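Let me begin by handing over the structure; questions about it come next.
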Amino acid sequence: MNNRTFYNEILTEHNRYPAHKHSMELPDFSLEGVNPSCGDDIVLNLKVENGIITDGSYEGSGCAISQASADMMLDLVIGKDVKEAQELADIFMRMIKETVTDEELERLEEASSLQDISHMPSRVKCAVLGWRTLNEIIDKNIS
Amino acid sequence: MNNRTFYNEILTEHNRYPAHKHSMELPDFSLEGVNPSCGDDIVLNLKVENGIITDGSYEGSGCAISQASADMMLDLVIGKDVKEAQELADIFMRMIKETVTDEELERLEEASSLQDISHMPSRVKCAVLGWRTLNEIIDKNIS
Amino acid sequence: MTDIEVRKLFPLLNQDIAYLDSAATAQKPQCVMDAVAEFYTRYNANPMRGLYELSLSATDSYEQARQKTADFVHAKQSCEIIFTRNATESLNLVASSFCERFVSEGDEILVATSEHHSNFLPWKKYAKLHGAVVRYLDCTQEGLYTAEMLKNALTPKTKIFTIAQISNVFGRVNPIQEFAEICHEMGTMICVDGSQSVPHIAVNVQELDVDFFAFSGHKLYAPMGIGALYGKKNLLEEMPPFLQGGEMIDYVSKEKTIFAELPQKFEAGTVSAGDAWGLKSAIEFVESIGFDEIERRELHLTEYAMKQMQEIPHVNIVGDKLPENHHGILTFTIDEVHPHDIAEIFASENVCIRAGHHCAQPLHILLGIPSTVRASLAFYNTDEDIDRFISVLKKIRSQMGYE
Amino acid sequence: MTDIEVRKLFPLLNQDIAYLDSAATAQKPQCVMDAVAEFYTRYNANPMRGLYELSLSATDSYEQARQKTADFVHAKQSCEIIFTRNATESLNLVASSFCERFVSEGDEILVATSEHHSNFLPWKKYAKLHGAVVRYLDCTQEGLYTAEMLKNALTPKTKIFTIAQISNVFGRVNPIQEFAEICHEMGTMICVDGSQSVPHIAVNVQELDVDFFAFSGHKLYAPMGIGALYGKKNLLEEMPPFLQGGEMIDYVSKEKTIFAELPQKFEAGTVSAGDAWGLKSAIEFVESIGFDEIERRELHLTEYAMKQMQEIPHVNIVGDKLPENHHGILTFTIDEVHPHDIAEIFASENVCIRAGHHCAQPLHILLGIPSTVRASLAFYNTDEDIDRFISVLKKIRSQMGYE
């Protein structure tokens, strides 16, 4: 258990200097995701045109894992079509459950740095918050 | 603890063939005594003339100890004056608490056979029920 | 399993004693005591909220205990098991929360008359609070409840029917599955007190299709201080919490409270994780013996005892004549001898039996007996215990000056 | 006592760990685990009702535990101690029964804003049930409550004021004796949550003149599964029971119930006698160390930790500046780092501390901090534990990419 390494540079950089943590004017979709048990709370904003996620941002507060994970997620899905975003979300969730192939893992790019979270049951919720919220937006509104 | 002998002949005789377990017409005093925790329930009836207990009886139900003790008590106090009855009740109570002299014990006659009850905390209530009821009648009405 | 093998597992029984009061509480095998100590030596932290390894272990062992308990009664999901102190708390919880959610003015609650006070007083309390009426389902003198009797007693206003699977006075198994079907046809829920059944027979709450099922650990070889309530998830989800405090909320401000999900919603405050770990060990212990063996041993002992009791004049067994309808519970009276005197004479010979109304006073009133004596067996008892019991039983009337 | 002597008593601590979460639950000395096993090996029977030797021993040991607990908090009589599962149940009990008896439409209940949810949610629940209003007494940012503040908040309608003797976030001792006097002058009762005080300071409920006093065993080195409520006899006597069931009644028929005397009236069902015996052992253990020694050690550790914490930039201690106002409770934040990340980093080094709102969310709202980190000490901690804590604390910001 010692020396768990997931507070690595990728994570701390995304946490300190998030690319997508800001408000958005007139998003097409906006949804709040909350982890009541630990207080993580984000609002995810998306712009979607012709099935493509053209822009995204998040606001809110929470631990570094929840914030950095949302930031990495937006890095990854902006510019992708909704179906691919769903695939990526699926891969991310399976990465947490440790049922993922190396090839799939590669598709997650920096987000794959959160793989070790799977050993931290208490932090899984933090890591998946952004992805869960993304999925919810897509399920409810788009697909 | 083994071979506790207090179910001796004196006790079982008083229980099977009580001299005073019957109803009474027009008692001067009549009071119910109850041990809610074990269900013992007696009604004590007394006739008192010029400070002398001229007659007594009890009715009710309960374990052999409660019934026999009440019967022995009436054997002892009928014919005595109220003050002496109180003294005897006091001696009986102190016998149970093991603070009694041999001389005092003798005054209890057959009732002294209940001395061993003092080692049975759960049965003390049964043994003192009659005496407690007697005391209550005297305290409330006579002294 | 031989007697000697069984006895070795229970340290307290290694003395000159015939312990025949297992329906009140069971003796504990060494492994259960070891499990409790193991929890405090290896996993002790406050479960649920810590992020450090030890707290995760504490949470994990507590949830393992819950899963084990769920599997034991065949609950569909572990979140359907709420840990409590004992059956009494389980029944207070369900009475309070069920009535608050589902019972209102004019409704009825049907209680079997043979119920233990713990499955009777809480319903009375919360029925009153919500303007409902408690009605009673009487049994026969032999402790029998039939489908017919239940059908006649249910009305469209009956919100819930509550009954023990095995009464602590009769020892007979009630046909819960059939009763559940009858209740559900009428739109009535069914709550079952399993305190006296889980130590003796295999229970499957899904097959029985009961809505609630309560029991205590301490009668099941587990420590005192842990009990359980099974409830169907959809019902528990709709019901408000009972005790309130730490660990059962998601958010609290001065104005607003959001309760946690199941099962935490019903477990306020620091849980009894050490005793839960002991319960897990007790269930594993029971499983390792197996209910086939437990039932075989207990039926043999019950038969052995009853056959002899039935031959002693003036001894009257309460309930059915057949040993298979007793599950080790032998309640009786002796003509003309008060139960407390009987118990005292047994006690003087170190035979541990119990006298009184066994917390089932309404039943005793129904039977017209103020109090009774009860000897109750577990699989750890032996023929020798029964011999000792019978030999004292035989001489009680003479010791009290009769015959 | 040397550190080594102290540590040897606590088996779980004999590993590579700095346990700094004792305010959540304390580690258990070997003697407490032994006592629990001793109960089940020597005294195990259902207390209260049996006439046989073993049941009398069970009753006797349970009542000895009650007497020990009564003596420990200096209650006048042992029947003023009700055994519960934990402080949460104690507080639910008193809130329910007090409100049922003494609170009606339009009355007020005053709750200190720093209260643990367990001393806040129950009052809210039962206030609502009886049509009363809950009002709050806010503290300063340093966690201070003054006589002045209390006087201004009490009204003739305030039926009860409830406050912790030591808050689990601040660690400061509230002037309970003075508050009790002020309350009583206004005809207000006072309920005190002693969960965080009994492990650290000597308590005398008669001197404090409090009406109710609640605490858990598990924070006091006892097993989980046992807690206590002290209440003044005359109040407890007037109050209705809370849980209902076996052992708490004298007579029950279908129509009528007569409750038992104190303390049985409030202890429904089979009691946790094994854990109570463990609590007795824990209290004897604490007494054998003595509060002088406990306070000396804990103050030393608190000073040692705080002095260093105060020198680390960006670390902000919640509450007072003086160590003597903390009783081993060190709640803090680190600028720009989320408490859960802080706790995680500590966890990765096997330093056990806790992050969150510590079940005191209304207080966190008042302080304007969503969550905090808390390290909490017991006398079994050592300078080495503190060194370890400080060395991790120092590197947290850099590990998160700051500076």
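Labels A, B, C and D are assigned to the chains in the order they are written; within every chain, residues are numbered from 1.
To be clear about the criterion, a residue touches a chain if its C-beta (ideal position, glycine included) is under 8 Å from a C-beta of that chain, and two chains touch if they have at least 3 such contacts.
Since the model is a prediction, treat every value here as computed from it, not as a measurement.
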item: Furthest chain, CA centroid comparison against chain C; value: A
item: Centre distance in Å when chain C and chain D are each reduced to the mean of their C-alpha atoms; value: 31
item: Rounded Å distance, chain A centre to chain B centre (Cα mean); value: 83
item: Chain A and chain C: spacing of chain centres that average the CA atoms, whole Å; value: 48
item: Residues of chain B whose C-beta touches two or more other chains; value: 1, 123
item: Shared-contact residues (touching 2 or more other chains) in chain D; value: 51, 53, 251, 340, 344, 347, 350, 356
item: Chain pairs that touch, as defined at the top of this document; value: A-C, A-D, B-C, B-D, C-D
item: Chain C residues touching chain A - in the complex, by the definition given at the top; value: 51, 53, 56, 250-251, 258, 260
item: In the complex with chain B, residue positions of chain C that touch it; value: 337-341, 344-345, 347-350, 356-357, 370-371, 399-402
item: Chain D partner contacts - residues on chain C that touch it in the complex; value: 11-12, 17, 19, 21, 24-25, 27-28, 32-33, 36-37, 40-42, 44-46, 49-55, 85-89, 91-92, 113, 116-122, 124-125, 136, 216, 218, 223-226, 243-247, 249, 251-254, 257, 268-275, 340, 343-344, 346-347, 350-356, 359, 361-362, 365
item: Chain C-touching residues of chain B, taken from the complex the two chains share; value: 1-4, 7, 9, 12-13, 15-16, 38-39, 61-65, 120, 123, 126
item: Chain C partner contacts - residues on chain A that touch it in the complex; value: 1, 36-37, 121-123
